[in-house]
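First the structure, which I've put down as structure tokens, then a few questions once you've had a look.
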Amino acid sequence: MKNLLLASTAVLLAAGAANAADVKIGISIGFTGPLESMAPDMAKGAEMAMKEVSDSGKLLGGDKVISVRGDSTCIDAAAATATVTKMITSEKVDGIVGGECSGETIASLNNVAIPNGMVMISPSATSPALTTIDDKGLFFRTAPSDARQGEVMTDEILEHGIKSVAVTYTNNDYGKGLADSFVEAFKKKGGTVTITAAHDDGKPDYSAEVGALASAGGQALVIAGYVDQGGAGILRGALDTGAFSTFVFPDGMVGGSLEKNFGKEVNGSFGQVPSSEGEGHDKFVAAAKAAGFDGNGTYAGESYDAAALILLAMQAAKSTDPKVYKDKVMEIANGPGEKIYAGDLAKGLELLAAGKPIDYEGATAVHLIGPGEASGSFREIAIKDGKIETVKFR
Amino acid sequence: MSTRQPDAAKGGKFRAPLLFAVMAALIVMEGLTTGWDSALVILNMGIISAIMALGLNMQWGYAGLFNSGVVGFTALGGLAPVLISMPPTGGAMSQGGWQILGALLIAVLALVVATKLNHRLHGAARAAGVVAALVIGFVLFRAVFDPAVARVQAINPASQGYLGGLGLPVLLAWPVGAVLAAAAAWAIGKTSLGLRSDYLAIATLGIGEIIVAVLKNEEWLDRGVLNVTGIPRPWPVPYEVDLQADPGFVARMQGWGIDPVTGSTLTVKLIYMGLFGIVLALLLWGAQLALKSPWGRMMRAIRDNETAAAAMGKNVTRRHLQIFMLGAAVMGLAGAMMITLDGQMTPASYNPLRYTFLILVMVVVGGSGNNWGSVLGAVLVWFLWIKAEAWGPEIMNLAISHMSEGPLRQHLFDAAPQMRVIVMGLLLLLVLRFSPRGLLPEK
Amino acid sequence: MIRVENLQKRFGGFTAVDGASLEIATGSITGLIGPNGAGKSTLFNVIAGVYTPTAGKVTMDGEDITGLKPHELFHKGLLRTFQIAHEFPSLTVRENLMMVPAGQSGETLWNSWFHRGRIAGEEAALRKKADEVLDFLTISHLRDERAGNLSGGQKKLLELGRTMMVDAKIVFLDEVGAGVNRTLLNTIGDAIVRLNKERGYTFCVIEHDMDFIGRLCDPVIVMAEGKVLAEGSPATIMQNEAVIEAYLGRGLKNKDKVGAAV
Amino acid sequence: MDILNAIVAILNYVIVPATTYGAQLALGALGVTLIYGILRFSNFAQGDTMAFGTAITIMVTWGLQSLGIGFGPLPTALLALPFGIAITCALLLGTDRVVYRYYRTVRAAPVILVMVSVGVMFLMNGITRILIGVDEIKFADGARFLISASEFKSWTGLTEPLAIRSTQAITVIVAGLLVWALFWFLAKTRTGKSMRAYADNEDLALLSGINPDRVVTVTWIIAGALATTAGVLYGLDKSFKAFSYFQLVLPIFAAAVVGGLGNPLGAIAGGFIVAYSEVAVTYAWKKVAGYLFPSWDTDSLLQLLSTDYKFAVSFTILIIVLLFKPTGLFKGKAY
């Protein structure tokens, strides 16, 4: 105990030694817990944006950006609240990228960020409940709400001539919310949903779920899950048992591991990711590869954009005070002005410093609507020859 | 158990005040170094953990019942604020609410009939009768239940889709949470308290999981994984934004030289602390009186030796049920308080590592059988659990600072958050080995 | 006092008690002996409510008490001690005694919070009674010791003391002498005789130490192979051919050895 | 034809996956039950022991693969398995020496040992993740299918597919061999007999000259081998993820308790009971019913319980069994 205390004191002293003029950005995502495998790529995405800005030396006259990682656990609202409280009150961060899951995000937003006037930009919380939250203009997200994706997916499926599908979703607010909005939209347009079955992430075995889905039948299987999680388990089971041959992949399922682990087995399947036309995505993936992580990792690009938005808004507002720069976020994300893609942050900072407007596109073609959430322009993808290929943009 | 150990209570009567002073000093140090907001967040959750630990201490410390389903009781308690204080969903009752309640009644009736048949009939007729009652009950239940649930869930699914609550003050939900948990404990106790130690531990582990599974999947009840957000605050607790908008408050804070924003967050947390503190004090008062009374003596006797206690005329089964329900009620109360503090119910967040095993560590570290020990252990362990999250990476940084950049270093850095579970494991093992009666041994 | 009729207890295929019938007279100190595996302990445990019998009946003063639970038997005045001492180790010696009496109002949670005055009065009386018992047993000096720290013999005394906290009608003593030194055994023996004489307790004693049985008990009941073999005064039992056979096996009839063996 | 289709559907979605899963659970439950029988406590750290053993095996597998060593059509991990077992056993024996042995010498109550195993669970949980991280890892190589769904369909002309993965076959075969070896060991060898004697009556066994340290050591070694093998088979068949293995302890306990703690035969039966009921109770029987009774048209899925309650199924069985047979179906022990 005593040694631990000494250690912590030493750490605190060390932390205090950082340059007071530095900009600190918190990253509050679930490094432990059920989505722990997604967190490292997301954090690295956000940190890449910070490094880019630091290296450029152009943020508010050369401020360095320091990343403060915190574990939100994704599922434990109390732990997430404690983490964010610590970030705001003791680390004195100037903005937060996070949280990861919707429930935890709502908790830290309501309990800490809003009362303290802190800006939070979530790269991955997609619950429609966040649309209506009274956030005092402090909360944004670079991932679109589930409601929009449900409609996009419906159109896509019907255009493929598929009338009846089975749906499985990861048993959390993302999966359930997406499945709900999809099923509603799909039924409204005349489609049939044979079964809506949940699957839990990180569970040992999915034979039962696959069995139930197969028995219910349908022309295709919609997997509203995560490609690094239970979604992969379901997909593997459905492929191996020959239960389904066509799959529909929402954003959580479209990622590097889909190509890597399934490849040609899912030829002919299709899906969509929140993204739009442009060079941003490719540039981001290439930069990520150079930095040693997977830019196609789920929500890695959104994390990059979340961090970049905060920093660019600071530059535009000429202030690191969240209460001031929060008003610039929408302006930067939605243009008008020169388009800034991933990797162009230095240029963006320069333009802003010169008083010129920019339209931040970033890695995921950021466009914020309504109360500050991604507009929901989607890239329809199809799997051809084991590769994810872009079909068109919606 | 550890009762044959030499008396660990060295330091005599100053031991407890001293350790509590250390605890206070840690919180104060946290306040001075990291910030008072953070210190109060830890303390408030620490008090709630202390109440959970008190509940578990009643079961494990007084009576020797190994309950590894704490998570289930806290989750059930957490349901109460939803049922009590959320506004009712318009039309939900007429759409299917009554029908759902009717279906539940059918389920209960089927169980009662099956139990009665089990007592009345014999041999093959018994098996056939019980199975028939259950199957017919189940089919009827599903026939009535499923369509009603579908209709309720169809009501504005993005933000409602459940029955909603009664719209009453949230403070009422605290005792209700206790009652809910106690009711569940009654049903569980009736079926599994006769089991021997390890079997009870495993059965409760499973039951805890079942309760959480129900809360996660019954959307008509609590929106399941979609979570219920915006649970109103209890009576004296204001909202920060209201305080910040109140010129009187802002002036007062500025008069004291405190930033109004910080002042508002601190005020809210302090009021919560007061509320929780009152509950904890009441519980401690009750638990101490009970433990020191002949009731406590009888409980300890039952824990020490069930056979002998039965031979001395004590109804062990009934007493076990009593203490099991009492402990569960306290856990349910803590669960309701926690959901009130969080302002939302997220059923997916209930995992056994955090809500069962961590509470167990608190009780053991504090000193099982000692109420003050549970409180001390809870706050200390909670403090450590939160701080280990920060310390883990820092210690790991120190350890790997000599290493050159590379995949191994990156790997170790990424693994650093796992240090907190290792710290907890070590703590539990060290206490069990070297101070099995905990920091504050039972008197 | 206690009448056992045709009692039978089977565990799976094994019959431990096979139709035993016996009677324990009011005011007696009845000894129950028999070779290992004779079924004494099982019989004992059936009477004490630990096991339910497969067949047969147990009555107490004419009332059927078959299959009652241990705590219910306690309320009928039937108390017992254990072969391996069953003290409450973390309670003090005095607490071990004070917990015994039934109907303490402090055993109700409500009273422990809101009727503390009444409890205090009852506790004072109980404490006084416990101290008297400890005096009687000559272990007053141990009253604040944790029972777990007592020696084997002291624990047996404590168990005997627990039966004195209430007005027991009959007390079953299970191998009270096992693992107890001679001096302490004499103390226990004296206490039993005094309780029998002064308070009118009926005792049923299982014991291997024949000296002890011979000094205390009359009559003595002998069991073998789940049945009652013989009953009578210690002296007649020692001479009984069937008893000797049961202890030493057929073919060995050297009576000199019997005395040493049983 | 329809009947054949119905049978194949049941085989494909119920029998084959449940048998594989059951074999994996059975191995895990055997470890739990052996430790309970001989060391007299429920080992809450079982799931994390499996995770640790698998993590080591995966690391050795990577090493072998980088050296270009393979195992033909079989997964390389089977070659690495002995190393995984050896290191896991070393860890378990070390844990026993440092942690558990003390409690045996002071003859602590079983429930204290359960508590201690919770501490060990925390520790192993952290160690495994620090070693190999938190990501999902797939390490199966070699041939993927014994019978693939499309091949089966073209051979038989049935509408229903049947697939048997090679990992499923390996699981059942290896588990079968291991169980046979374990029972042979317990029944025939001197050490095995002394272990059984020790489990039946510790004091008597000690009196008859059995060396308790040896029994304990052998028990941990067997438990380590069972846990590692179960974990590796499971990881081969599905994938490795530290979090899943922690979760796995729940059905494993259910299996061990349903069968009767301390009874090896019970553990195996329990494993299959839990696996089959999880799959069968949540299976939607609509398709099978459609084949068998073509005229019966129903909208219902004929699903007893939604898959959400998969875990609840095993524990409900557990509780029902405990109510009617408090020491499990095969008469386990209670200390």
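Each chain gets a letter, A, B, C and D, in the order it is written, and its residues are counted from 1.
What we mean here is this: a contact is a pair of C-beta atoms (placed from the backbone, for glycine too) under 8 Å apart; a residue touches a chain by one contact, two chains touch by 3 or more.
Computed from a predicted model, the values in this text were never measured in an experiment.
Between chain A and chain C, the least number of touching-chain steps is 2. In this view the innermost chain, defined by its CA centroid being closest to the centroid of all protein CA atoms, is B. When each chain is reduced to the average of its Cα atoms, C sits farthest from chain B.
Taking each chain's centre as the average of its CA atoms, chain A and chain D sit 36 Å apart.
Note on chain placement: the centre of chain B and the centre of chain D lie 31 Å apart, centres being C-alpha means.
Between chain C and chain D, the centres computed from C-alpha atoms are 48 Å apart. Averaged Cα coordinates give chain B a centre that lies 45 Å from the centre of chain C. For chain B, the set of residues touching two or more other chains reads 4, 216-217, 414, 418, 420.
Annotation for chain C: no residues touch two or more other chains.
Counting only residues that touch two or more partner chains, chain A has 32, 171, 198.
Of all possible chain pairings, those that touch are A-B, A-D, B-C, B-D. Chain D contributes residues 9, 12-14, 17-18, 21, 134-136, 138, 145, 148-150, 152-153, 161-163, 165, 234, 238-239, 241, 243-245, 247-248, 251, 278-279, 282-288, 301, 303, 306-308, 310 to its touches with chain A in the complex.
By the touch criterion given at the top, residues 1-2, 4, 64, 66, 191-192, 194-199, 201-203, 205-207, 209-210, 213-214, 216-217, 353, 357, 360-361, 364, 411-412, 414-415, 418-422, 424-426, 428-429, 432-433, 436 of chain B touch chain D in their complex. Of all residues in chain C, those touching chain B in their complex are 48, 50, 69-71, 74-75, 79-80, 82, 86-91, 95-96, 98-100, 102, 104, 106-109, 111-113, 116, 119, 122-123, 146, 148, 162, 166.
Of all the residues in chain B, the ones that touch chain C in their complex are 3-4, 286, 289-290, 293-298, 300-301, 303-305, 307-316, 322, 326, 369, 442.
Against chain A, the residues of chain B that register as touching in their complex are 33-38, 41-42, 45, 157-159, 161, 216-217, 219, 224-227, 229-230, 239-241, 244, 261-262, 264-265, 268, 338, 341-344, 346, 348-349, 351, 354, 384, 386-387, 389-391, 393-395, 398, 410, 414, 417-418, 420.
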